[in-house]
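One chain, subunit A, links the two complexes that follow: it is found with subunit B in the first and with subunit C in the second.
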Partner chain A sequence: MTTVSDVNTHPQPLNTGFQPDGLGARLRRRYFRTPGNAMISLVGMAALLYLVYHALDWAVLKAVWASPDGTSAVCRDIAGACWAVIQQRWRIIIFGLFPYDEQWRSMLACIAMVATIVLSCLPWFWKPLRLSTLWCAGFITFYVLMRGGLFGMRVVMPADWGGLTLTVFFYAAGVLIGMPMAVALALLRRSEMPLVSRMTGALIDGVRSLPLITILFTAALIFPFVLPDWLQGDKIWRVIIGFALFFAAYQAEIIRSGIQSIPVGQEEAAKALGLSYWHRTGRIILPQAFRNALPPTINQLVITFKETSLIVIIGFFDILASGNAAYGTGEWSFAYFEVYIFVALVYFVFVFSLSRYGAYLERRMRFGQH
Partner chain B sequence: MSEAAIRITGMNKYYGKFQVLRDINLDVRSGERIVVCGPSGSGKSTLIRCINRLEEHQQGRIDVLGTELNDDIGNIDHIRRDVGMVFQHFNLFPHLTVLENCTLAPTLARKVPVEEAEATAMTYLKRVRIPEQALKFPGQLSGGQQQRVAIARALCMKPKILLFDEPTSALDPEMIKEVLDVMVELANDGMTMLCVTHEMGFARQVADRVIFMDKGEIVEEGRPAELFDNPKNERTRTFLSQVLSH
Partner chain C sequence: MQMFRNRKTRSLAYQVAFLLILALVIFGAVHEASTKLAAQGMTSGFDFLHKSTGFRIGFSLIPFDPFESYLRMLWVGIVNTIFLGILSIVLANIIGLIIAVFRISSNGVLNDIGTLYIETFRNVPLILQALFWYAALTHLPPTRQAYSVFDSIFLSARGVFVPSLNVGGQWFAAVALALLFGLSLLAWFSMSRRFKRMKNRGVLQLGIAGLTLAVMVGILAYAREPGSDIFSVPELKGLNFRGGITIPPELSALAIATAIYGGAYIAEVIRAGFLSVGKGQVEAARALGLAPWHVFSRVHLPLAIRAVLPTLINQYVWLFKATTLGIVVGFADFFSVISVSINQSGQTLELIAILMAGFLIMNNTLSFVLNRVNKAIALKGTQLRT
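Coming up: the complex of A and B.
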């Protein structure tokens, strides 16, 4: 795009290989069009450079990366970041209180869970049989590795699980149980039977008007008094189901809005072909509803990932809590900032990949492909 | 041949208190081709949508292919498989390819093996003259092409009756003919057809009977030549003069 001002300031360059869209030209046009403009740009850039330099100086140039003797002595009197705390304490952050000698199990379990999540993002797995096989295999691997008791592995109860592994497991299990619940709630709320749809509506609205914390508390601490013993299960499962229910209440409304944006003609055409309710729902309505609802669904998945940090309140040792523990010893207590940056980076990697994956899905579905 | 494919007796339909259809009596023989016309809001769509129970009637009786339409959902799904429908706005499934649009219902509702369903689909896509579009998505086709896919999709269920609800009125003029040509061919092959349309040329060419509706009633019916050239009812005359003056 050549604007009037370009032509005025460069009257001659039309035939000298002037590239209107070269990077230099673009920068010049955007930031240095007038002297005032150039001033502001220069000051802004200087400020930015100054900040970046300081951050880099602290995080990289003056940082201490490792502690040879295992103590925090190396970090005394330094002006940079003390990454040695990560080098010394990363096991606590990632594995929580899992017994030290068995942490390879937690590591493998975490990898298995992440691999399951990543694999199920590949279109090849989007067949009911493949997906359910994958997730069964993923969860069984995870559970066997973590809990032990088989193949000569020591039993480690869920109360001792922790760190990133626990966060990832909790999230995956919550979403995996919550998603079918959400679909069921969305469909029930659209039921033609007024009683069913009203009751579902009341349940959804009820769950949505409670804070997640109270739901987790109820699941963890109150249900043991209310439910018969055989129905209680382990605390972690009660909490996961509470978490899933909370996710499902929101996701159900997202799916319902996706269903409502499908033209009525779609359902009519499917009916006219003689497709049964389940075929119509499974093959025509839900696939289109999920497409329509993809952006808010990704949004909800991101929020839900961050909400996993609330499980610390009912005594679970998720990655944020184990981060606290990592600097909580008197020795490393000055290095909380570095630990939080590390934990934030871990969250960032997960959430950012999720967002990018959502963007990829949207691009892929623009034409209507699977 | 004279066995009734559709028999409607004393049928009334209401939306709340508003009566959309009054005392409809209609027999359609198997193989018969019927065109339904009438002013906007006269209940044409409602009438043909009652035949595959996209709308429920409140009084009277509708028998389709020997089965009465009532609350028995199993029956309804069964009848819908034998009664194809083509809509004004095509209603193709946008997330499925043309071929998948055509094979979905046969494989799911009729349990036809996939290869066989695909072969059938290709046959019908050839008949509507778009086999080369089989792997495209509906959004990539023109309106006329989409409507022909919709016809092929209905045919893939091997229906005994085909219902059309203004199949050409959402199309640009230059695409109307390609759709009508396909419909004429179907009619000549002996398909039982009930078609809501204002295409008088089509009606004259293929219809055994034209039904004129107004205000929820069947006002007049007869052979196209009789009804168009020599309408007996005043309302029919008014309507025809309006349509023909365009």
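Coming up: the complex of A and C.
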């Protein structure tokens, strides 16, 4: 099907050799092409400068960075930001209620998981076996470090995890469980058996039309009713399963669209060669589908990271809750602004770098296809 | 075994097995649930809906007091959710359109502002933004030192106080409904192909507009409390404001956060629409001597919206779902009402079923209506030009 956006591809302007380059010329073209334009530019710049100046003044010039005595007395009469709250309370924001002596483990676990995420951005790892090995290894490292019980480390149950580490754990576990689920759902939905494909379709569409928070809530409250006791597990795992299901429902549709964008001839050729269903799927269909679906997949991963923040509603002590706790004492209650900005920055770093990477991949892939 | 060589038989067998396993799982779950409920001595069923709740709700569009039933409270939650959802979508759309225009404008500074906006607000979770705005709004000065705008709008930690008309809430709803109905009728008239060839279309449209206005004025005139001014302006009486409308910080925080966050997403969608409009269309409009504003409002914008409406519809449905955050700031939306009811009545299964059914119905209605709109105005066949 051709959509409007397919039809209207914009040809890049031809390079006619007429390039009056140089910074001045380019700036003039961008900001001061006509008198009206120049006026808008000036007003806009003035507004931006005003904003940037005040933000800088507040956040840097007039800010208090540290509190020598551990109280909020240094921030009593200042006009700027009180970053001392971060300096005093960063441990609770990052580690939550993890035992103080063991927080190095939480730190290491967090670094291991982030390293896993960064490593999986390298094309060398883009083989099913390598990628799954990497993720399983990273996840097991994380889990062992956090839970302890091995190598003489004290046992800390998931209920005591918190802060950024819990957010990262939730994300990694959700994606790790959700990805195979997504592949399974996508394949089931494409099944030639009407009953199977209809049922899967109903499940996927049902999950997709519910808000995530209702799914998490259901997982936390309904599973204890309908599952026998030996199957229930910890609350955190039930909620992770719900989270993974939600991710899988969206990701399954992305994979399915990736599969649909493969020319039919590919599968027919594989059939003609006598390949079995699993060979066709594993060797021909899925590798191409994943390649086609890479940009939306990264987009989905970015959205999913932001959505982990919803677990605070179910009562987990993730980075949002620990941020609330960080300014929730009488001592620091005025410093909500600084704490929220800090937490927002943490999210921003994760989300922005992931989405920039996605944009880079998209450019790279488009380049490869022409 | 020879039978299973046949593809049809095999597929039938698979499906029967699939169905059996599914039935087994469902039966097991139901059995487990009923044993557990029996063990806890709980009665299932929907009778509890008629019991009185015994607690208050901070903000509700329709009146509610603690003696009323759970059913009524759920209804309050649904109305609040729909209200917040529509408000957020409309605001997000306005912001999104402005930012999209910034992003495609030929002016460098406007581009930069648009990019800065999108990259800032799209990369921070909505719930964090809602908490942030809530904290900021509740840290405004108390009512006695409230900021005032022209002595008629007041900003304080207890909420924003704005002037209103001197009529009851239900009449307000009636006026809004009349306006909505009139506007959608007008939109239908001007967009649907069914009326393209009608001769007196303009007169008819004017008639509808006039009728809507008359109905609205009529309702207001009828509903005005006798002897009072038309406008009710908030006034500081003691520790609180009297008159006007109070917008509680919970509602404003959620509406602001969703509008800003959703606006960033919608801006990108609309921008894609603008970019997909063929250059020739815009150039042709310019060549015909249309003023820049007309080129934008009559050619560029309608084509862009038509191109991205399906994506935009998905975005609206998603935004509607995203507004379900009332519980973090204490706004009584559908989800938080359900959550409170579960805590109070203990009827978990029934209430979760209501929650799911409610959201399925609301979301599917929204997407159904919008998809009909899309079908009615989508470009077809020869209308597609580059």
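Methods note: the second predicted complex is superposed on the first by the 336 of 370 C-alpha atoms of A that agree within 3 Å, B and C clash if a C-alpha of one lies under 4 Å from a C-alpha of the other, contacts with A are read in each partner's own complex, and residues count from 1 in each chain.
The criterion applied here is as follows: a residue touches a chain if its C-beta (ideal position, glycine included) is under 8 Å from a C-beta of that chain, and two chains touch if they have at least 3 such contacts.
Remember, it's a predicted structure, so these values are computed and weren't measured experimentally.
Bringing the complexes onto one copy of subunit A puts subunit B beside subunit C with no clash. Of the two partner chains placed by superposition, only subunit B is touched by A:Pro287; subunit C is not. In the superposed pair of complexes, A:Trp126 makes contact with neither subunit B nor subunit C. Legend: residue contacts after superposition of the two complexes on their common chain; A:Gly265 is shown touching subunit B, with no touch to subunit C.
Of the two partner chains, neither subunit B nor subunit C is touched by A:Tyr360. With both structures placed on the common chain, the touch criterion links A:Trp65 to neither subunit B nor subunit C.
Contact with subunit C, but none with subunit B, is seen for A:Thr218 once the two complexes are overlaid on the shared chain. In the superposition on chain A, A:Trp104 makes contact with neither subunit B nor subunit C. This overlay, made by fitting chain A, leaves subunit B and subunit C with a least C-alpha separation of 5 Å. Touched by subunit B in one complex and by subunit C in the other is not one residue of subunit A. On the subunit A side of its complex with subunit B, the touching residues are 263, 265-266, 268-276, 279, 283-284, 287-288, 291, 367-370.
On subunit A, the positions that touch subunit C within their shared complex are 3-5, 7-8, 10, 27, 30-31, 33, 37, 40-41, 44-45, 48, 192-196, 199, 206, 209-214, 217-218, 221-222, 225-228, 306-307, 309-310, 312-313, 320, 324, 336-337, 340, 343-344, 347-348, 351-352, 355.
Across the complex, subunit A is touched by residues 52, 54, 77-85, 87, 89, 91-96, 104-105, 108-109, 137-140, 153-154, 157 of subunit B.
The touching residues of subunit C, when paired with subunit A in their complex, are 11, 14-15, 18-19, 22, 28-30, 32-33, 36-37, 106-110, 112-113, 119-120, 123-128, 131-132, 135-136, 139, 272, 275-279, 306-307, 317, 321-322, 324-325, 327-328, 335, 339, 342, 348-349, 352, 355-356, 359-360, 363-364, 367, 379, 384, 386.
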